[in-house]
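Order of writing sets the chain letters: A, B and C. Residues in each chain are counted from 1.
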Amino acid sequence: MMRARDWLAAAFAATLLAAPALAKEVKVALVPGGPHPYFANWEQGGKDAMRDFGLAAADYKVPAKWELGLQNQLIENFAAQGYNAFLIFPGDPVGTNGPMQDLASSGIPSIATAGCTKDPTPALFCFGTDVGHSAYLGTKELIKTMGGKGTIVHFTGNLVDPNTELRMKAVQQAVDESHGAIKLLQTIADIDRTPQEADEKINALLAARGKEIDGIITTAWLPSVSAATALRRIGDKRIKMVGIDHDQVVLAAIKDGFVHGTMLQNPYGQAYIGSYVMEEIVGHGCKVNPNAPFKKNAYTTRFIDSGTAFLGADGVAHYQDAMKKVTQDLMKTFKATYLTCP
Amino acid sequence: MKGLLRTDWIGLLVLVLAGGAALAAARPEFLTAYNIDVILVSFCLTVVYALGQGVMIAIGHMNLALGATGCLVAVAFGGVLEVWHLPLALAIGFGLLLGVACGFVNGWLTYRTGLTSFIITLATLSIFKGAALGITQAQPFYGIPAAVKAFGSDRWGPLPEMLLVALPIVIVIAVFFGRMVVGRQLLAYGGNPHAAELSGIPASRVVILAHTLSGVLAAVAGMLSVARLQNATPSIGDEWLIASFAAPVIGGAVLTGGHLPVIGTCLGVLVVALINQALVMLAVDPFYVQVLLGLLILGAVGLNRLREVRLGTAPAVRLS
Amino acid sequence: MAVTVANARRARLPAALGGALRSNVAGLVIGIAVFTLAFALYTSGFTSRINIYSLSRSIGINGVVGLAMMAVLVTGGLNLALGAIGVCSAMVVGWALQALGLGVAPALLLGLIAGAALGAINGLIVVTTRLHSFVVTLATMSIFFGGMVLLSGAQGFNALPPGLTGFGRMRLFGMISPLLIVLLIVGFALFYLYRFTALGREMLAAGANPVAAKLAGLPVERLFVLCHALSGALGAVAGVLASLRNGAIVPSMAGPLGSDWLLPAFLIPVLGGTLLTGGEVSVLGTVLGAVFVEVMTSGLYMLQIGEFWIQTALGLVLLGAILLERARAGMALARGRQS
């Protein structure tokens, strides 16, 4: 099996020596796992990066379905179309390493974006929300507004999503730190695929055990929307909730007081900064600094936090500014911290 | 005893009642108005598209594009409301027409080509779903009028307003297949297409009518979903396929056609809703739902088969 | 009059050519040639090495998926649980490699056996209950997949031996994936089975008319169970091939309940001329059907008509292909009746 090892070695070399020093035309493909409102801001982030850094392209390319096979096939297809840098949301933390390896063996770098691939991975690094940290902060906010005691439930994403496990652990940690004052009644996972499922499960739980529940933490997009809608429907504002992301329904519920707040993520910045990094690496021969102060999570030792921020009723009107500010702060030090350039 | 055995839904009714009683005993909250409302909402959404599949099963066809039709209608409905600001009545009419069109295309193609509806609707599934995604670029339409949202949320005690749509549909379908000549013709065709054609029932009319009816029911279910979810998102309909077959089959439908158990389908929907509810209330791993649902379908069709054999109505050879 | 003349002329054509024209093979070859040429001319990158490599891989995987469904279409039934079986079997391979520490060959063999066994379960339920395989496999797809997730905790296997991953990444002549070779080997084996062995011919006869076959003394039930088992075993092969592309064995590789495979599984054999009513297969047609579908998919993406409209375009193309095929078959039939 000399062959396999040769390939790995070649791939590794190609990743490190991603490009010659001469400026080269950089075409970035931003590939989410499938259609999901979370990724909508990637498109704008890519466009802005294209304008600001002179990329040849930074195109948002959505697989029409959440299907690992389809995503992997698409990635190859885009490479054939001449895209030479990839920001990929891993359809599967392990299964996405395959196409990344293929890209790497053709000398094309990729960044695991918004979710991580599992080490050992050919991805340059993982750039996304520190979802554990975000879930932890959100749970803390929730506990604070609940007055430090009571019973909460956690609604989260799909079990195959690399982030779900991290979120469940973080919520548990925040609960444990209350030393018994807060009780986690139940976690409902796997409800981030269709809104109908989220609506049904969340309402079923609220109907059956609503009286025991004092607080709701949601750590995925669709459950946040469904839970916010359900609380508006109940209408008595007794149950407190901290959601995630910036769906209109959630923002409106915050404004009207049905939801306490939401944990913003930074999809715009992921695309904007990620595309910028690709311009530096592919276009100008920069390399990822192996000694950079990466964070660690359950999947990888090369993780960079794309930022998170709590948004309460006071900030709803200007939430986009909050996201842009997080991005600008990251940009200031990104190159110096994580890249080494010729 | 034999009379009771012939009524195919009596066992299911016992199952639903016993299951409900057990849940109520385990958790008193089960009988609160809010909880019954939640179950009934799920019933309203599911029964409409389950009947949409039931109509197809009745003539021995199937509609794999059911969810895609519901999805396309849902986003078109949301789109004309948000972008064109159409009055509600017109938007509903538009949605229904689109459902008619989708169903008609399925029926016409199936009839004209003589191919199985399985393969035709597999292709149109791709077409409709792609169109829904293309129109929305995978982003939901949020501009749903308050009246529509209220309709999906409001209830009188335990009874959701959506019953106002679902119940009449159940009754109309029951009357259509039980009492009306056209409905009878559909069933006769489903039971034996060849004999039905010989006795003068036009196959073209039966096939196209049934597919169109299926399309309309999918359209109604799609718009109900918009009312319930408060937005029109292109993932509506994604999980309909298995449930749409499970409910009629649990209710006693036979895929070779000739029979549409309307009450059985309703009870089948309730059984699945109760299982889902029980799993949430008792905090069971969601993946047990899959295994349970599969076993339930097998059990239900197995029981049906047993009853047919007992009554001597089972066909002698049906291998595939 | 004109028809008669055309018929007379056709009758003079060599028999072999007539046979090819009457099957789907000619239409598919023409379709593949025309579209490949068009995409090569009007897109950039369609004929690039990376795309040919990618195509050869997808054709390999989806071709085996199509053949696996074909093996059960023979009976006039179908296998909705195909994807679930593929994922379950691949997970068995992963488990054998990583938890049991078996070598590659015994692990693959275990996976094949698992696939065949799950398929045989489908077959046994179908023949003993005499229920339609649609309902049976609708139920077992839930049961198999749900059972696999419960047993595995939805955790995949990513430490595959380098021999296996190396095979998955190999490039013959710099652009052909060995997965395509696997498809060709499976195809030849099936061709041999249906054309030259008594077992294969009995399968076809039983599928074409179970009642008559039974009267003629064929063990129809046992043959049907074998067809389902064969479908399961081929599903296992497809599951392993898909894992090789991903470089890991993951439960999500075929979507919820393995349902992502259903579209290619049915379209490919049907395009290739396999009848849904049973009793007739076309191995060559199925392989060419896979080539056609993958060329279309890849080319449509290259045309950049917008990701979301691809699905619609693909549906339309496939519908068109089915309708054309239907028209051609109808004309051939009409001609046959007249002569």
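Simple rule for what comes next: contacts are C-beta pairs under 8 Å (C-beta built on N, C-alpha and C of every residue); 3 or more make two chains touch, one makes a residue touch a chain.
Quantities reported herein were computed from a predicted structural model and do not represent experimental measurements.
Enquirer: Both chain A and chain C are touched by which chains?
Expert: Per touch definition, common to chain A and chain C: B.
Enquirer: When I count C-beta pairs in contact, which pair ends up with more: B-C or A-B?
Expert: B-C
Enquirer: Roughly how far is chain A from chain B, centre to centre by C-alpha average, rounded to an integer in Å?
Expert: So the centroids are 36 Å from each other.
Enquirer: How many Å are there between the centre of chain B and the centre of chain C, using C-alpha atoms for each centre?
Expert: Centre-to-centre distance between chain B and chain C: 30 Å.
Enquirer: Going by the contact rule already set, what residues in chain B reach two or more other chains?
Expert: If we look for residues of chain B contacting two or more partner chains, we find 130, 133, 138.
Enquirer: Pull out every residue in chain C that's touching 2 or more other chains.
Expert: 154, 308, 310-311
Enquirer: By residue number and range, which residues of chain A touch two or more other chains?
Expert: Residues 35, 62, 64, 193 of chain A touch two or more partner chains.
Enquirer: Please give the residue numbers of chain C that touch chain A in the complex, ascending.
Expert: Within the complex, chain C touches chain A at residues 43-46, 48, 50-51, 53-54, 57-58, 61, 154, 156, 158, 162-163, 165-170, 242, 245-248, 250-256, 260, 297-298, 301-302, 304, 307-308, 310-311.
Enquirer: Within the complex, which stretch of chain C touches chain B?
Expert: Going by the criterion above, the answer is residues 75-77, 125-127, 129-136, 138-143, 145-147, 149-150, 154, 207, 210-211, 214, 220-221, 224, 257, 259, 262-263, 266-267, 270, 276, 278, 306, 308-316, 318-319, 322-323, 326.
Enquirer: Under the touch definition given earlier, write down the residues of chain A that touch chain B in their complex.
Expert: 35-37, 40, 62, 64, 186, 188-190, 193-197, 199-201, 203-211, 225-226, 229, 233, 248-249
Enquirer: Which residues, counting only chain B, touch chain A once they are in their complex?
Expert: By the definition above, chain B touches chain A via 27, 29-30, 32, 34-35, 37-39, 41-42, 45, 130, 133, 138-140, 142, 153, 225, 228-231, 233-236, 238-239, 276-277, 280-281, 283, 286.
Enquirer: Which residues of chain A touch chain C in the complex?
Expert: Going through chain A, the ones touching chain C are 1, 3-5, 7-8, 35, 61-70, 72-74, 76-77, 79-82, 91-92, 94-99, 101-102, 105-106, 118, 159-160, 193.
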